[in-house]
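Each of the two complexes below includes subunit A, the first together with subunit B, the second together with subunit C.
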Partner chain A sequence: MTSIQEFSVSRTTVTSRICQSVLLICVFWMLFIASGDNKASQGKIIDLCVFIVLASMWNLLTGFSGLISIGQQAFVGLGAYSLIVLANGVGINIYLAVIPSAIIVAIISIPLGLVAFRLRGGYFAIGTWVIAEVVRLIVKNNQSSVIGAGTGTSLEVPESLKSGRYQVTTFIAIAVAVVSVVFVYLFLRSRFGLALQSVRDNETGARSLGVDSYRVRFVVYIVASFFTSLAAATYYIKGLSVQPDAAFNIGSWTAPIIVMVVIGGIGTIEGPIIGAVLYYLVRDFVSKNEFFSDPTFLILTGVVALIFALFVKGGIWGLLLKKFPKLTIFPVKRRLHIQNFEFDQRGN
Partner chain B sequence: MTELLELVGVSKQFGTLTVLENLNVAIKSGSALGVVGPNGAGKTTMLNILAGDLAPSSGSVLFEGADVTSVPSHQRSRKGIGRTSQIPRPFEGLTVYENILVGATFGRGKLRKSKTINQACGFALETTGMTSKANVVAGQLTLLERKRLELARALAIEPSVLLLDEIAGGLTEMEVHDLVVTIKLIRATGITLIWIEHIVHALLEVVDQLLAIDYGRMLMCGDPKSVMASPEVQSIYLGNE
Partner chain C sequence: MNWFNAIIQGVLVGGLYAMYATGLSVSFGVMRLVNLAHGDLAVGSAFIASTFCLATGLSPFLAIFVVLPLSALVGIGLQVAVFNRVVGVDPSYQIVATFGLSIAIQNVLLQQYAANPRALNIGEFGNRSLKLVGDDVVIGLFPLSRFVVAVLVLVLLSLFIGRTRIGRAFRATSDDPDIARLMGVNIRSIYAVAFAIAVTTVALAGIFNGMQTQFSAADGPALLIYAFESVIIGGLGSLWGTLCGGIILGIAQTIGAEIDPGWKQLIGHLVFLIVLLVRPMGIFGKDELR
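Coming up: the complex of A and B.
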């Protein structure tokens, strides 16, 4: 036997560095808009950043760990109401309340996860939705003045914070999106990400190699809950008014998220970002047209997503990869190198 | 020598179907046990119970003398029980190297140093002849390569006992020959083997004990040649072919 102790492993590629630089320029461009005072553009950037996070997190759950959730609205709503409780109830500064809100939701997600994880596959999916509905009903029936029951309530913005709110919120939204995407990237590159992908591809196989599949999935569930509610809290500093039926609405949150991820490319880091950007570009483009009301838009994008799910499984990013196999923004694959050794080049 | 792995009075029912009935099997550290029996005899079920992928209906599993019946499969791997499966279970979205890395990283618990992990990967790749395939995504592998990957991954956990389920099934004569060479290599490193196989001549080249089971019951266990020569085993194999 020859010895291959001398192998090395590479992760990044030239293309990935170039693509990351381009992405960084986009971030700077968004920061530039954030520092201006065009509220309409700032509002769009906030929405886009929020949905990039939501889509990335749903993709982390479904695309990378095989947990199909149709109940992400639970964490959007909980994020919104945690923010309300901390800001209106406790009196914490609205901006400083964002991260603690997400921490609270992450803690709440532990018992919710314990319930959901008793179910598998399709039953898990339905379970997540049922949990979201139960949480909605609990919030809706809470008569305390802070929560405001079925009619909801509004985030109270102190006079001193009123003027720069859109600017600050845009900065927060960009930061949340960047941190989320970078987190997903580093997470997937780590040992943990390796375990996660092995569990997705074959749970029994992963377990027989020492991977604690339950724990791995549970951690992802909590992480996704944290970032989902982080994005939701950010969204509501802009939107201010919170009603249970809207905040826990599957059609306003999870449905477009699924559309974005499926069209962009499920199971890749790039896909959800592309899907979210495209969704907002198209939406913006048709928004002047009376015909494309919210429900019509959702139905049409749903049909497109269905077509993608059936015929273009890898989404737009998958199509791009077919044309340009070397393309990558966030490389997670490990490539082995041995000096003067010919590797099988299949699929490369 | 001590018993490394044991089944004590193991039975398994699926609903009303009895698949294993009061099975007692023991394997000594460093030896190699072959398992034969017709289709549906319960061989894979026995392996699944040894690896912790299935719980027995009654009876117990002992590893190094300790009861591991209720220890889940990922923890049995960490104790040193490695397995391959009859139908390969590659992580199709990961490369061959990454598939092996899963075993090397998690197979023996979380605290392995990266140097140890690298060595385990190198050993697994080389022993199974998969080094040149390291960067291929597992979804693109042929059946032979998938079987070798099963073996490589299980080796990467550095098992003290390796459970092989029809690792030679579906391969050509030449491929079987190469595989036997590989398995002999593994055997030579001191790893204890339990190998289920229909291709008896391959099995006889490696094992020093043979277990024949039928309808979930032990027919015979002992010296491979005499087990194969016994009338009971002969009648099954003649009836089977």
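Coming up: the complex of A and C.
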């Protein structure tokens, strides 16, 4: 037996540093476009950043915590309407109202979570949907002039803020996306993230080691509601007009989110980002092609989600990892280096 | 406002909701499968029945005898091709797979039949009614017979599960699939039968719905939610509980509609949420939700 003379433990690898640098360059490129005048590109960046956040948060819930939600549209709609209430109703500056409206939604998510957490697994999923429907119907039946009932309302942009709205919104969207992804990364590396993943993998085991599984999941539920509504509020500074049936629509929010995460790779930090980018590239291509009507694209989306869930469970990122096991952008697991050898946690 | 009438109508609608819910209850009971495409299968069957009636000129009641065997086959096909691969794995893949199927079915229907609503015309029978208590309480003959059929389906199903050999295999598989397999139960064929039953009952409910009201391609999700609420209100694993759940939901909706037409769905959802908070195992449920 040789004695171990030198060893070290690390998380980052050479590949992770290279990949992170490439990602950083992409962020700077987006910031460059944000400072320009091309509204079409800025609009695309806002949409992409918003959906990266939504997908990352759904993935944090479903992929990392085992909480399958198909009711994320509840927090999109609530984010939109909180923004409307704060900006149109109270009169706060539209940009400054983004974070407070997300905080309001995070607070609202607590009672909603208390109801949803009565259900488990697949029934939790339908429960989140029912809750989203209840919120939609309550908003739709609210006749006050700020909410505007079924016909909805528009975000009022004061004259002084009208110029440069796309630029500022693009900056906010990029910031929200970067903060969300970095947050998920640091969150999963923390003690709390470890507890979270242990609950997903084996709840009984995790509880026997002292993890409060209910509390851990509840915190994630609130965090995901916060970031989802943050992204939604950003989206509506660009979109301006809000209708309950559109803002709380499962087909225009939760369906694409799920497809993105499943294509990219559920349960990884990289998956949702890759999925969101791919989804946007395909949709952009399809919208220019006359063969693909809206239903055809949606049929395709549904079938792709089905095929990935049945046959390609790890998504595209999973396929890449199989080919290049050392590939990583956001390393969560630790690696052990002994002299010239290197092991990861699985002993490879 | 006529409360008594609202309650009677609610009970009759509740029978239909129970029929929607039966399939959901059976597929969850036997294979722990939550099928998000459940409502879309009902709408799809109604469209197929409508196509059949338009093509042949026959009554929708005859279409039932064509569509139901077809749905049983569709059920077996879906089980073999899709659901056998997601039974027993991480539920998130189940949800994603059935959600994808739901989106695909909805949009195939939308593409095939456009967004216009359709209805199944049952002629004079749809207009006949029984008058109770003067003119205050009117019971449609069709809703009444639909309710009777729903109860009959539940009676047959509970006899099937309680008294037959296959029914015993159902219960064994539900309790512990691994042990059931050791005892010689062919799990995959049990799953196929269970899913065939689920699709057939929901197809019948879809056709019955289309005989009274208009339906369109986007209706599936709402039907899924009603079915789900009936199951949870009644309590998992109890077919009679599901009937009661459907009736409670139906009454809540008709009373809500009586107060304000915009509140029909909302009051139904709120009753569901109250049951969930006060008695999460449902009214007839025995143990905690799993």
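As a working rule, the second predicted complex is superposed on the first by the 323 of 348 C-alpha atoms of A that agree within 3 Å, B and C clash if a C-alpha of one lies under 4 Å from a C-alpha of the other, contacts with A are read in each partner's own complex, and residues count from 1 in each chain.
Quick note on the criterion: a residue touches a chain if its C-beta (ideal position, glycine included) is under 8 Å from a C-beta of that chain, and two chains touch if they have at least 3 such contacts.
As the structure is a computational prediction, the values presented were derived from the model and not from experiment.
J.: After lining up the shared chain so the two structures overlap, which partner does A:Gly210 touch, if you call subunit B first and subunit C second: first, second, both or neither?
T.: Only subunit B is touched by A:Gly210; subunit C is not.
J.: Name the contact category of A:Arg165: first (subunit B only), second (subunit C only), both, or neither.
T.: A:Arg165 contacts neither subunit B nor subunit C.
J.: Touch test for A:Arg191: subunit B only (first), subunit C only (second), both, or neither?
T.: In the superposition, A:Arg191 touches subunit B alone.
J.: Report for A:Asp201: first if it touches subunit B alone, second if subunit C alone, otherwise both or neither.
T.: Once the two structures are laid over each other on A, A:Asp201 reaches subunit B alone.
J.: Touching A:Arg334, do we find subunit B (first), subunit C (second), both, or neither?
T.: Once the two structures are laid over each other on A, A:Arg334 reaches subunit B alone.
J.: Examine A:Lys44 and indicate which partner it touches, taking first as subunit B and second as subunit C; both and neither are also allowed.
T.: In the superposition, A:Lys44 contacts neither subunit B nor subunit C.
J.: Regarding the shared-chain residue A:Tyr123, is it in contact with subunit B (first), subunit C (second), both, or neither?
T.: Second partner only, subunit C.
J.: So, A:Arg283: does it touch subunit B (first), subunit C (second), both, or neither?
T.: After superposition on chain A, A:Arg283 lies in contact with neither partner.
J.: Can you list the residues on subunit C that touch subunit A in the complex?
T.: 28, 32-34, 36, 82, 85-86, 90-97, 99-108, 110-111, 221, 224-225, 228-229, 232, 260, 262-263, 265-266, 269-270, 272-273, 276-277, 280, 289-290
J.: Could you pull out which subunit A residues touch subunit C in their complex?
T.: Residues 62-63, 66, 68, 70, 114-115, 118-123, 125-127, 129-131, 133-134, 137-138, 140-141, 250-251, 255, 258-259, 262, 266, 293, 295-296, 298-299, 301-310, 313 of subunit A touch subunit C in their complex.
J.: For a test of understanding, state which residues of subunit A touch subunit B in their complex under the given definition.
T.: 1-5, 7, 9, 191, 194-195, 197-198, 200-202, 204-213, 267, 333-336, 338, 341-348
J.: Please output the residues of subunit B touching subunit A within their complex, sorted ascending.
T.: Where subunit B meets subunit A, its residues are 51, 53, 72-74, 77-78, 82-83, 85, 89-95, 97-99, 101-103, 105-109, 118-119, 122, 125-127, 131-137, 140, 153-154, 156-157.
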